[in-house]
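Structures are listed in the sections that come next.
Look for chain A in each of the two complexes below; its partner is chain B in the first and chain C in the second.
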Partner chain A sequence: MLPESVFVAVGIILATTSFFCLYRAVKGPSAPDRLVAVNVIGTKTLVILVLFAFIYGRTLYIDVAIVYALINFLSTLTISKYLEKGRVTG
Partner chain B sequence: MIWLIDLLLLLFLIVCALEATRNKDLLSVVIIFSSYSLVMAIIWQQLNAPDIAITEAAVGAGITTMLFVAAISKTSRWEE
Partner chain C sequence: MTLIDLLTVALLAVGVFFFIVGTIGLIRLPDVFTRMHATTKGDTLGAVSILIGLALYSGDLFTAVKMFIIIVFLFWANPTASHAIAKAAYRSGERPCEDTLDDAYGRDIE
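Coming up: the complex of A and B.
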């Protein structure tokens, strides 16, 4: 069993490195760059949610992470379809 | 040291909000706003409101982005 400070340190590192992804999302010359950057940010925040659930020892926080993982790919899928076909429906 | 994670995430939110108002490409604004919603879910959870965090993750990150992209596909991508 690792001490709690290890998980807090991992959370700090993940929160710091998500700023580099935000730089790519803001500066990225094309839309696919921003799309992949936001996808990586979503995965990082998912890990941070599970870390908080582990640190506080509350299983309710795991449910938040599950809903988050279920919904996270929907926006990526929609934007990818818009970039490829120019429309969302049909 | 958990406050340091909160501080970094709040800074992230501020940068996202500023950039979403500044950009002229509306599709980029929608993508950046999606990341805003993603991080906001963690902040709700840190404020002891996990039910609102579930709603924010479902509505803010998923449904709102889909509706915004549908609206962009019906109108114009670039702000005049």
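Coming up: the complex of A and C.
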């Protein structure tokens, strides 16, 4: 059995790199840059959720991570379609 | 430590390495396409190796199957999302930086 500090350490490293991605999301300079940064932060949050499941010993967080992956993917597709065409439908 | 524990720690280290490389690329590279080039591959491989390590560590078939669902979905969704972002960026007026040698997509859609 691994000590849970291993998972905590991985989570802290991922959260720190998320803040560096937040720098790109705030500074830009263009809208697709921000979209890429937000997508990366979403993937890191997904991994942190799965790590939570192992730290707290509750597998419920893995289901949350599945839904988070779906929402992250759909929001990215929708915003990129809006950037491309200027509207979401059609 | 058993062999599974060692394998888990190794896969976690590989995943963290790829995440850090992707983040460095996102901060330092010059335009949106190169940034996407760094983050797409770095993120997909980092997340998938961390998830494989945790699925090995869990020792529970049901948990491992759920992690496998996430892995398959990430392998399918991350490149698709990046393709959509790249197409949207080019169509909305972003161009590669001036050091780029060849703009093949620009030639194709003319």
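Convention: the second predicted complex is superposed on the first by the 89 of 90 C-alpha atoms of A that agree within 3 Å, B and C clash if a C-alpha of one lies under 4 Å from a C-alpha of the other, contacts with A are read in each partner's own complex, and residues count from 1 in each chain.
Here is the rule we use: a contact is a pair of C-beta atoms (placed from the backbone, for glycine too) under 8 Å apart; a residue touches a chain by one contact, two chains touch by 3 or more.
If you're wondering where the values come from, they're calculated on a predicted model, not measured in any experiment.
Colleague: Taking the superposition as given, does A:Ile55 touch the first partner, chain B, the second, chain C, both, or neither?
Modeller: Only chain B is touched by A:Ile55; chain C is not.
Colleague: Which partner chains sit in contact with A:Asp63 here, chain B, chain C, both or neither? Use first/second/both/neither.
Modeller: It touches chain B and chain C both.
Colleague: Quick check on the superposed pair: does A:Leu35 touch chain B, chain C, both, or neither? Answer first, second, both or neither.
Modeller: both
Colleague: Across the two complexes, find the residues of chain A that touch chain B and also touch chain C.
Modeller: In chain A, positions 31, 35, 37, 63 sit in both the chain B and chain C interfaces.
Colleague: Looking at the complex, which residues from chain C come into contact with chain A?
Modeller: The contact residues of chain C facing chain A are 1, 5, 8-9, 12, 15-16, 19-20, 22-23, 26-27, 32, 35-36, 39, 43-44, 46-47, 50-51, 54, 57-58, 60, 62-63, 66-67, 69-70, 73-74, 77-78, 80-82, 84-89, 91-92, 94.
Colleague: Show me the residue ranges of chain A that touch chain B in the complex, using the header's touch definition.
Modeller: Touching chain B: residues 5, 8-9, 11-12, 15-16, 18-19, 22, 25-26, 28, 31, 34-35, 37-38, 41-42, 45, 48-49, 52, 55, 58, 60-61, 63-64, 67-68, 71-72, 74-75, 78-79, 82, 86-89 of chain A.
Colleague: Under the stated contact criterion, what part of chain A meets chain C in this complex?
Modeller: 1-2, 6, 10, 13-14, 17, 20-21, 23-24, 30-33, 35-37, 39-40, 43-44, 46-47, 50-51, 54, 59, 62-63, 65-66, 69-70, 73, 76-77, 80-81, 83-84
Colleague: Inside the complex, what are the residues of chain B that reach chain A?
Modeller: Where chain B meets chain A, its residues are 1-2, 4-5, 8-9, 11-12, 15-16, 19, 23, 25, 27-28, 30-32, 34-35, 38-39, 41-42, 45-46, 50, 53-54, 57-58, 61-63, 65-66, 69-70, 72-73.
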